[in-house]
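The following pair of complexes shares a single chain, chain A, combined with chain B in the former and chain C in the latter.
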Partner chain A sequence: MPTPVGPAPSPASRPAPSGGSGSSPWLRVAAIAVALLCVLPLVVVVAKALESGVGEALALVWRPRVGELLRNSVSLVVLTGVLSTVIGVGAAWLVERTALPGASFWRVAFVAPLAVPAFVNSFAWSALVPGLEGLAGAVIVTTLSYFPFVFLPVAALLRTVDPGLEEASRALGHGPWRTALRVGLTQVRPALLGGVLLVSLHLLAEYGALEMLRFPTFTTAILDQFEVAFDSRSGSVLATILIGLATTLLTLELLARGRTRHVRLGSGTARRAPRARLGRATPLALLGVLALTVLALGVPAWSIGTWLSRSDQAMEPTDLGPALWSTLGLGLVAALLTTIATLPAAWLVARSRSWVAVLLERVTYLAASLPGVVVALALITLTITYARPLYQTVFALVLAYVILFIPRAMVATRAAIAAVPPELGDAARALGDSPVRAFVRVQLPLMLRGTLAGSALVFIAVTTELTATLLLAPTGTRTLATAFWDASAALDYAAAAPYAAALVVLSAPLTYVLLRGNHEEPLT
Partner chain B sequence: MRHRITALAAALAAATLGLAACGSGSLEASGDLDSSKLTIYSAQHKNLTEAWGQKFQNETGIKVQVRYGNDSSMGAQLVEEGASSPADVFLTENSPAMTTVQRAGLLAPVDPATVAQVEPQYVPSSKDWVGIAARSTVLVYNPSKISEAELPASLMDLADPKYAGKWGAAAGGADFQAIVSAALAQEGEQKTEAWLKALKSNAKVYQNNIATMKAVNAGQSAMGVIYHYYWYRDQSLDKASSGNTKLHYFKNEDPGAFVSLSGGGVLKSSKHAADAQKFLAFVTSKAGQDILRTTKVKEYAVGKGAQSDAALPPLASLEAPKIDPFTLNGPKVIELMTQAGLL
Partner chain C sequence: MRTLQLTGIRASHPRTPVLKDVDLTVPAGTTTAVLGPSGCGKTTLLRVIAGFMRPEAGEVRLGDELVAGPDTWVPPERRGFGYVAQEGNLFPHLDLAGNITYGLPRRERKDRARVGELLELVGLPADFATRRPDQLSGGQQQRVALARALARRPGIVLLDEPFSALDPELRVATRDAVAAALRHENATVVLVTHDQAEALSFADQVAIMHAGRFTQVGAPPVVYRTPADRRSATSLGEACFLPGSLVDGAVTCALGTLPVSAATGSGACEVVIRPEQLHLSDPTPTAPLALVTRTEYFGHDALVELRPLHAPTGEALQLRARVPGGATPSVGDTVAVHVMGEAHILTLEPTTTLAEHGA
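And then the complex of A and B:
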């Protein structure tokens, strides 16, 4: 799953006055190495696509199939993007700005769908509505899976934004609707755009949900290509187009974000906006949020629950144990390595904030917004051609996880480092500690807690990763996601249900982490 | 603090080891391969491969490990790995993947004694591999959606506009691609290409044979092109996925009556060549072929004098087209399917 480009620097990560420890050349070398690692997939995939000339590559691009995939991918992004915006913003407004009863309950209910991976959600829907498929099916399922990405940042903003501008607009004679559209929407625009970008990137990267709903996009087509032709040029050409689409989205978001700022200047505490009374519309609003909750949470819960109770009807017995252990093992190792990989760049940014440091940090965001299938394909090409002993090893799989999920750890690590006063390290050095010893004894313990939060996000992302795992897991290594996939591909719902339940249980803490943090950072 | 870090590191190491140790009880290799064991790359069904491997291991004492995959990607993987492949034996579901490996010059000739155990029509002209099982193409249909009289006489007739929107197939899978390769061998490139284009516009593409059969069973599609054994297996169980359906055999040496051959071959680069030949001899022997019946996989036996599952119509009665499995051209099929916009 991709993660968006850089978050706005939070107050906590403002550069501390530079201490001596920020300038070690080794640190810079390490940060550069990590950044290069993150760009590698991009280079490899494009190089492979152009292997036998631009002409051949173009011949693979200019064909009806690519047109069909492009049409599908774009219509999915547009439709789900619009629906997620309407639902996400609407729900956020109801929860944060109106007197809707039970607001704190709905706030949790509208973030909780993120604990159900989209491919599990599509399984739940297919089990309930067997005929659900194509564009309509894909839009319904992905909207219900991804609208929280819009809801969460918009709700957070609506909760905290000062109502002063809106009051000014009313005082100047604009009606409530006009004010909502001109002032409210402008104020939430950055959060909204960030959310929609996240939804779009997830849609480009989605494999499981769309394959199950028989809706081909670039990502599903790349996996089809891999099935028939393994590490092929046509697969890499499709992956290159996918890179182009992801980059286009990132650029569009950057352009749409614009340069206008809507911030409070001056001292004082922002007021909370008064909540609008819904009056006679209250039952209607309640019905709406209830319907949304039933569709987004009730359906997966009911579907998984029903099939779980029928798991004795499974065609293939469920073997939860080994899949669970290898999933947890991979999650732990990948979380640890990812966090370590973020340390150099996060340290440089938190301590010096030179443009080189910022660039090194941002590069990791860019690479990670590529779909998992691209990174996986690149690592297959790479290991087969240049590093054969690493091919079909857990190492290659963990490497993919590190590249894909670095930003999740980066944000937390950077904030954690920034919160440690550099003077403490200087003091330890002055008292005779070597730089390494000073780091291990003084700074590491202080930043451990914050860093662990980032590791937790990586861990959850790894445990539910499907696409890259399908391509890279050594034969015989089965994770919850791939075991679920095997069972659900055979439409063996009863065998798939226990894996689905385990995946949801493992992701459930995500809801808590997301609600707890005041998130201006990558949400997934 | 240091203790905590040590404890964390120990926990991680334990987790990683746990990763390597999982999957016991099955022959499936997890993580690194053990070079002392006979290594089988299997695209065949897991329960069948396991049954063969376990019995062989018990009878001969030769230790076996298996890597599972799919026909096409595993065939391509073997070609990529070339002479440095750790594989000793390759088992497929359909012949085109085996032919890919054979054409790359990676297969060793099969022992003549093993070849002699298999019905001659199930051995390719090259004798670089042998048939180990067979499956027949069938048309599964839902009588409430289409009557028997309306069914097409030939697989090629499905291209007729009157069947538009009424049939489905798992076009992305190796099973279906084997059927297309038979059509290509029999009907030629032009007709096959036109047929594939019709498939693109007329048919629903499903994820696999099971999904196709279930869609027909649920009435979402009137007909589906699948292999026979999915239907017979479900019929022998609770019929949950096939209870509303019937099978139609095209017969008459139609491309739709194509019997696809699952193959077994020994890699030239094998470091356990003698053991690998022994394994193939076992699989094609009476005892090996009986496993096709006892595991209830419902695939046809191809060994001389071997009995297939009693529920199946005799293989000889299917009037399959006579095609040398060695001539089936996998890459060409993929090229045609790419042109038709299916891939």
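And then the complex of A and C:
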């Protein structure tokens, strides 16, 4: 899965802090090292693709197969992107700006689908509707899995944005609809764009769901190629195209965002926007949100539940234990290492807006916006070529997790650090603390909560990661995701169900973290 | 209790010089207020003294000890200064006892009696010890910040606009509590502020800063009554500037012939008179007359803008008088202006030198 791209809102400019909270050279070295690590996969994959010359690489690009993959990827991104926008913005408006009964329930219900990994969702749909496949199937399943990425930031913005602008528009003679179009949409644009970008990056990176629905994209093709032929060069060419697509999306989002100022809000505006009365449209609206909930949550719940009750008669009795333990172990180690790797750059970015810091942050985001398959492919190439003993070891796997999920930790950690005024460090030093002691006694305790939230996000992401794990896990190491994948690939739904249930249970806290998280960071 | 001495301090932010050769001596046990508009460099000065910023040139001495110099740099934690910033900067994860004892050695942190003493010293009840910073008002937070700084018995306390974030009533009450606590500790204090009343009432010495330099340093009444230049004069309050000519220790200007403080020689000059030195009455045959052009009524007193009717230079002069609120004249009235006390000469172009040149 690709990692979210934070639309780094610039922190309030303040004089350069001092008292050891600035940028020590070691901090910089560490941050640069981590950034280089993040760029490594990109460089390796592109280098591998161009290994035997640009001509040959182009020959590999210029094939009908690539054209088909491109068509598939683009149509999927466009259709799911549009549908997610319509559903996400519509749901957000209903929940936050209308008198829809049960708003706080629906708010949870529309974030909760994120706790069902897309490949589990497609399993649920396939089990329910056996014929579901191709573009239609892919669009339906991915939209239901990913529309919360649009809903979450837009709803957060609608909830907190000061209604003053909208009131001004109404006072200037615009009706509610024109106001929504001319003012409301402009205000939610940054959040909307960020959400759509996240949906698109996830679509480019998605393997499990699309493979199960038999809808080939670059990511599925790369894995197929790898399994069939172990041909890492033509895989690298495909991966390079994938990088190109991801970079194009990032650029498009940046251009569309334009010079719009990021809407930054103080902590809680005094006034809430008035809620529109739905009147006679209330039953219709209720029916709509109910249908969405049934499709996005009810189907996976029913499907997993049904097959879980039949798992006693499975071909092979499921043994969750080993997969669960290795998943938890990998998740904890990767979360810890990712958080540590994030700290130097997060500190630099939160404390100084020097161009080095900004560049480091961007590089980290860009590199980690790459699909998991690219990172995995690069690490395979690297280990086989230069560090054979590390090939297919836990080390390489954890490294991939770290590279993939640094931005998740980064967004949370940076916000946590930024929330601690640098002046507190000065105060501690004036009271006799050395810089290190001041950090341990003041800054660390204050930023711990936010940082741990970031670690939790990484942990959840690791426990449900499929693509890179399939490619990099040592032989014999089964995680919940890969065990689920093996069972469902064998169409043994009953054997897959317990793993699916375990994955959903492990991801469930994500809903909580995202809902209570810092909503000024729309993409957590 | 030691003297703080700064010599030739120079400091800059990236590409902008902030402090240009600043000298200051704060005698042991006294309070000095550094007064200046925002951006003049006064906070930077405080940060240099505290050790958060390293000066490019100059020395900071505490008694005989050099804490910053060309080859010396003592980090803030080893200077033992107390420091209270504008926002107080209490640690939000600690209760008040935790905040106050933060800078004490570990074994002394359990001493609840000391916490109570310090809280009472700054005028807060001792049972506040278990409260958390977010349960306090802004003024209370500032007092705790001071208690926290005083807990280590610092010889020197640095206050960076500690009252400016408070509303006026709270500001006075907090200021009084802080001043009392500081007097009790007999600390050497540097207060940075842009509030003239605060500087004048709080300090034994006022240092007026402008664009990275001190324009005048002295005792409050001296600096107020005998400012060094126009800027020092206006930064301490309203002032009337009048052109005149000095002859035999008295100056003749639009308000008649006035005694001046400590002036020798003669020539064209500019004098400064404070508005409260001007008393207004009904027209009299001898006193100079002026027309009331505007009044600003504050209740306890009022500011009256006047235009002298017989300005010798012919210029349209504007004067301001501070009168008791009950005696505010109306716009358009003609009043007699009486000057109390002495005028102070800001600039003088001695005529003798001119004459010598001419000869």
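Here is the rule we go by: the second predicted complex is superposed on the first by the 466 of 524 C-alpha atoms of A that agree within 3 Å, B and C clash if a C-alpha of one lies under 4 Å from a C-alpha of the other, contacts with A are read in each partner's own complex, and residues count from 1 in each chain.
Convention: a contact is a pair of C-beta atoms (placed from the backbone, for glycine too) under 8 Å apart; a residue touches a chain by one contact, two chains touch by 3 or more.
All values reported here derive from a predicted model rather than from experimental measurement.
Of the two partner chains placed by the overlay, only chain C lies in contact with A:434; chain B stays clear of it. A count of residues in chain A touched by chain B and by chain C gives the higher number to B. Of the two partner chains placed by the overlay, only chain C lies in contact with A:421; chain B stays clear of it. Once the two complexes are laid over each other on the shared chain, residue contacts for A:325 go to chain B alone; chain C is not touched.
Using the contact criterion defined above for the overlaid structures, shared-chain residue A:445 touches chain B and also reaches chain C.
When both complexes are overlaid on chain A, the residue A:56 reaches neither chain B nor chain C.
In the superposition on chain A, chain A positions 441, 445 are in contact with chain B in one complex as well as with chain C in the other.
Touching chain B in their complex are the following residues of chain A: 63-65, 68, 130-131, 211-212, 214, 221, 224-232, 234, 313, 315, 321-322, 325-326, 328-330, 332-333, 336, 384, 388, 393-394, 440-441, 444-445, 474-478, 489-491.
Interface residues of chain A, counted against chain C in their complex, comprise 15-16, 18-19, 421, 423-424, 426-434, 438, 441-442, 445-446. Taken in their complex, chain C has these residues touching chain A: 13-14, 47, 50-53, 75-78, 80-83, 85, 87, 89, 91-93, 102-103, 145, 148-149, 152. Note for the complex: chain B touches chain A at residues 1, 8, 11-12, 15-16, 18-19, 22-23, 28-32, 67-70, 72-73, 76-77, 80, 84, 172-174, 177, 204-208, 210-211, 214, 218, 220, 237-238, 241, 334, 338-339, 341-343.
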